[in-house]
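Each of the two complexes below includes chain A, the first together with chain B, the second together with chain C.
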Partner chain A sequence: MTITQSSSQSAYSSAPTAAQVESACRFPVLFLAFSGGAWLFAGLTLAALASVQLYNPTFLEGCPWVTYGRLRPAAVNALTYGFALQSAFALALWFIARLGRVELSSPLGLAVAAKFWNVGVTVGVLGILAGDASGHDLLEFPLYASLPLIASYVCIAAWALLALHRRAEREMYVSLWFVGAGLLWFPWIFATAQSLLLGWQVTGVVQAVVAGWFGQNLLQIVLTGSALAVLFYFVPKIVNRPLANPGLTRAGFWLLLLIGGWGGLAQLASVPAWIPAVSGAANFLVLVPVASLLVSLWQTVDGKVVEAWRANVTFRFLLVAAGLLLLSVLRTAFLGGQSTQYTFFATARTDIVLLGVFGLSALGALLHIVPRLTTGEDELPSVGLTDLVFWTSLLGVVGVAAGYSLAGLVQADVNMNVTRDFLKDGIVASAERWMELNLSAFGYLKLVTAGYAALTVAALAFLANFGLAVRRCFVACCGGAR
Partner chain B sequence: MSQNKPKPSLQNRDAEPTVAAGGGVAWPFVMLGVVLFGCFLHVENSGGAFRADVYQSGVKLPPPMPNEPEEVKLYKTGAQLYAACAGCHQPSGIGSEALNFPPLAGSEWVMREKPDRLVRIILDAVEGPISVKGKTYDNAAMPPFRGALNERQIAAIATYIRGNKDWGNSASYVTPAQVKAITDATAKNAGTKWRATLLEAVP
Partner chain C sequence: MAPQLQLGALAPGPLPNSTEVYPPTRPGLAAQGAEVYRSLGCAQCHTRAVRQTQALYGARLNEVGNSPNTLLLPGLGGSDPKPVNLDLLLALATIRPDLTIAPLPLPPALVGDTNIVARLKQFADNVALLKRNDTKVGINRPTSGPSVNDLAGKLPAAVFERVSIEAGERAVKYLSDAGAKAELTFYNLGPDIERGWGARRTVAQDYVNDSPVLLGSVRVGPDLASLATRAPEKFAAPWKFASTNTAAEFERHLLVHLYNPRVLAKDSTCPSAGYLFNKQKPEIRAAGEPLTVPGTDAPVFPKHEARALVAYLLTQRVDTGVAEAPVPSAPKAVPAAAPKAPMKP
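Up next is the complex of A and B:
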């Protein structure tokens, strides 16, 4: 034990310092993080507009580009590929640089690959708005947008994995497990799903099975894994304690990879009964790895929660994100079966993971990373804007999650009741009897719009603070030249 | 701006998180085992026996199709109704020697050329000593199904029991008309359970 420690310390002493590895990864990480923030703003704006059409169907009437069937997929895909995956790349590069103590080689080339990713997302979102959506959940981008995305991804991931291979610190910390798993997982699921759906063009219910499998793996393994990498990096760092119980963490990591991808088909209809049965069982099983990982974090932070909440803004984001992670797996396990089929309850799940579990973790991490890479300080220039980001994003996520979930439960109640006809009581009656059932469902959907609006404010505040930091950095570096 | 409001910092900004010493833990795997048991029950009950042609949760055989022959429809209906019998005679039809439940699989009372004895037993039940596959059983627990099930349902159960190849049974199917004839012929017998000695007189 002592031998390995001393050897790793000697490797450590010859390794580049934190400042050196950060200056090497600065440009691509900042580029990816800022583009991610911009797509967060764009996607939330589209999502807010789409949600208005749920209770006000004549809103934006007459223009096919902004009908609900195009706006909502454009919003979800902009948030998934533009914000979530792009921010996950930024976090992955920073974690590899920091935890592996490795300087990224030719960071400018990496930024060019990241630029192509943004071009792919732009083409895809415009393609959806133009009516070329493929119609598969979370995979709506048309083929001509998916191909540049895959090409750009190959560059980014290969760069990241090569850097990981060259790392000076050979011992891999927990966050790097999740980062590495996500980098290898995404090309597998994306290439498999796209080649089956758009290449081979499988027919019938197989399409729904493939898309459901992809969505589940993307949300539960790639994005939740990225959020867990953030949690496992920042929580021990902020409370200044070693990560308690590494055995528990290891068990949770492998069980999550083993089980996490099996859920997500529990609500499929018109497939053989064993598929939703096995998937519903997996939704329960995944409680075990999530509980293991969260218990391990809790043991690390135990007794210092209030102190850390007051002292550190990143910790506030992470505490809420961890709570939402637990909540999202619990609600899917207990209510995510046939009772809430075809309702907004399932819609809520995508938004909770994208914006809550991943989104809040990523924003919290970036509020630590961005100032380090720009001004070199501990926090972004404006404390007021940072607080605004936290409170508006917290309110926004709660509004969207609660609004969609409650509206979904109202719909599920109509579905489960034999005496009520879904078409008559759930849809037609909305025009005739405003005072009864539908008003409540509509009220919840208005909460969703308010949530998206609050999140849009959060994205704007984050971008403004980011811009202030970059401006201050330029003034400091190039002040003499101006 | 941030300098105006210094906050207490818990962390060393350049330090990376470390890992405490510690071995493995067992509880996630114990919990996994417990949840896994519930999952198996769930999949067994609602998984449609992993058949590609069962789409409805909670059913293990596909529903009868309109273009199927009558005996196949009866067999599939019987497979679902057999749940009422499986408590004693077991889903596999082997009964239980220890608990005094006679088997249906390979039983000479079931596998006769004509279904008259089997239908009589389902209609009015049987009590007293009865010899099945060389063992003597004596159990008065069987309830009569006359009036509880209609002729078509009794024909379906009898068809399922007699024709279940998984049990090794291969006797002919039973029509509702046959059941109706037997029901009418034994109408005066209603309410009295059969004895094996009386049934032996039936062809």
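Up next is the complex of A and C:
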């Protein structure tokens, strides 16, 4: 394992050139990235519609397909499997190709596997809307959708790991550690959870334990790991410095794998008390690896934050994502116990990780990767659209995170005090209050809807810019310029 | 790391002192209702888990009992002579320094009974001694107000409520030593329980018959773990029984809630499940009772799914005690057995 991104080609005469590497991974990476963006748009639309029903229950009333209880899980699972995991695959393939300097073999086959993934997600989302949700958080897809997902994943991961094995650049840079860990981690947790829940159907609350364990590993190790791969690839590159503290980074990586999966059950009730206790402790311990990884990045940047922010749009995304990562582990550690149990505060955590930590990192990375794989330029065709993506996604994530968290604190207050009236102090207040003011037009839950709407705009702007780049590329290709 | 290794073999278990197992299996209609509950995603807004923050204890006096100092004194508490356990009165006075001790006058009819005269004299001396002791340790016993005699006169009596287990056990020991029958009681406490959402915390055992287990993770609406035992005034939108057929009324209330929650609570954000109801009387013979929704004229006909969902909700009850989460027993009605003749020394 090494801690510098090798850029010298001379040592490996047989290694493919950067252009060969890029052309081999172009099709599957672009396909996965574009589909991911499309699911981001679809999932956010569903999430926005669902959130309206939290304060306006007659919205979309009368049709079971779009009732809150189905829209919300459909949205979360579309965002998780359609956007997050799919974009994570795109990033994984690109990092392996790029950092390992290896040509992906038969990229077309890979794209077929990716197509299957999308079929699986579509079937799953429709299944949830039709009423076949499994009932387990983050694992709501019915079995008939999970099977194509597993099959497709096996192909994508096998391809990726084979490519990793054949890499010309033998030393593995930090980003590849995270990518490799994620590729191996996901099948383990997904297959374990699905076989225990839908296959064996373990008894009683063990199901909730399994689902909680899966969700935590997915968010904190697979997706956060993917975001960290992005951070460790781009930050040194953008500030043009080698990684400052390799030892700390390595320690952070291993500790995250060791500790990261243990949290997530801290708010589970009706299970033996030691389970939430251990989980709560893990939520604190995980501060150590996250802090060491972020410190290592901070030392790498070494005061060039403002400069890099001005110069590079990807860096802006990454800075916000890193801040959200710190925020999400801090809030879970300090407020993620009994006091906020059963409130939107916990919902906010899923959204922060999915859309903030992972989502912003992925968008930032793709704004760098997509133009290179299409037009060959450094940026996407429309600078205006790129700026729009940044600002709307930033505002959106902040709106969703703050809206859910504040509504969660209102609920927590009602949960803990019997004197509070459930309807008036809880439900009406979380929809119509802003700090101490009563603003029926702009309560916390309405902020959530606004956040999802802003993020939807971001997804659309990203897709439009992506489309422009692809079009330009086609025009260029047909003109024989490339 | 491997959640499958724990709790995996949990099964319905026998209830203490009973031939039944807990939890009981759901009847067929309720089992179908569980599927409707899952399919409509009710768990996205409703948890099914009662929390408990604390358990406190108490002491309950059930019977005056017999001690060498139990006397039958006429003229106290009605015309019939009632047994008075002098040791118990002293014990109560010792553990409850906030109560007065009423003097026991010698009934005129018993003036000649030397045995009783001597015991009452002894009692008065003991009371005096206790009071002197009070002053010594700085207890300011009130001189008027409720007395230990009142407390012992109306059984079963809560001698202590919501105290530590040590205080409860100490009280039970004092009372038993005085020959009375007393038991340790306990109180499950916490906002959920005080809201009337269940009698105790939920535990793993409660869910062994559920698959999938829909614990829920957000409480947009109230907890539903023990909906079937909920008192009407404990609903988020309180209501009242209008007749004595409470079971039928409860079921109807839930059906109306499913049809349109805003008929019952203006601010409710619970989604209406109007699609589980027919507007026209269906052709099938088993159409069932029509449902009259308050504020509308035409009755609606609940579909099978609606009935199943309500049947499922009506199986939601957390009122059976299990070993790790007991439920307080209601005070037993004390048999008004005639006391035996006062013991002869």
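In this text, the second predicted complex is superposed on the first by the 442 of 482 C-alpha atoms of A that agree within 3 Å, B and C clash if a C-alpha of one lies under 4 Å from a C-alpha of the other, contacts with A are read in each partner's own complex, and residues count from 1 in each chain.
Here is the rule we use: a contact is a pair of C-beta atoms (placed from the backbone, for glycine too) under 8 Å apart; a residue touches a chain by one contact, two chains touch by 3 or more.
A quick note: this is a predicted structure, and the numbers were derived from the prediction, not measured.
Taken together through their common chain A, the two structures put chain B and chain C in a clash.
In the superposition on chain A, contact of A:V271 is made with both chain B and chain C. Applying the stated contact rule after C-alpha superposition, one finds that A:D132 touches chain C and leaves chain B untouched.
Look at A:V398: by the touch rule set out above, it reaches neither chain B nor chain C.
With both structures placed on the common chain, the touch criterion links A:A111 to neither chain B nor chain C. In the superposition on chain A, contact is made by A:A18 with chain B only, not with chain C.
Residues 270-272, 338 of chain A lie in contact with chain B in one complex and with chain C in the other. Per the touch definition, chain B reaches chain A in the complex via residues 1-2, 5, 7-20, 22-25, 28-29, 31-32, 35-36, 38-40, 42-43, 46-59. Taken in their complex, chain C has these residues touching chain A: 1, 3-4, 6-11, 38-45, 47, 49, 51, 191, 194-195, 201-220, 222, 236-237, 261-262, 265, 267-275.
Only residues 53-55, 57-58, 61-64, 67-70, 72-73, 131-137, 192, 196-197, 201-210, 213, 261-262, 267-272, 275, 338, 341-344, 346-347, 411, 415-418, 422-424, 427-428, 431 of chain A touch chain C when the two sit together in their complex.
Chain A makes touch with chain B in their complex at residues 17-19, 98-99, 173-175, 232-233, 235-248, 250-252, 255, 270-274, 276-278, 280-282, 284-285, 287-289, 291-292, 304, 307-308, 310-312, 338, 372, 377-383.
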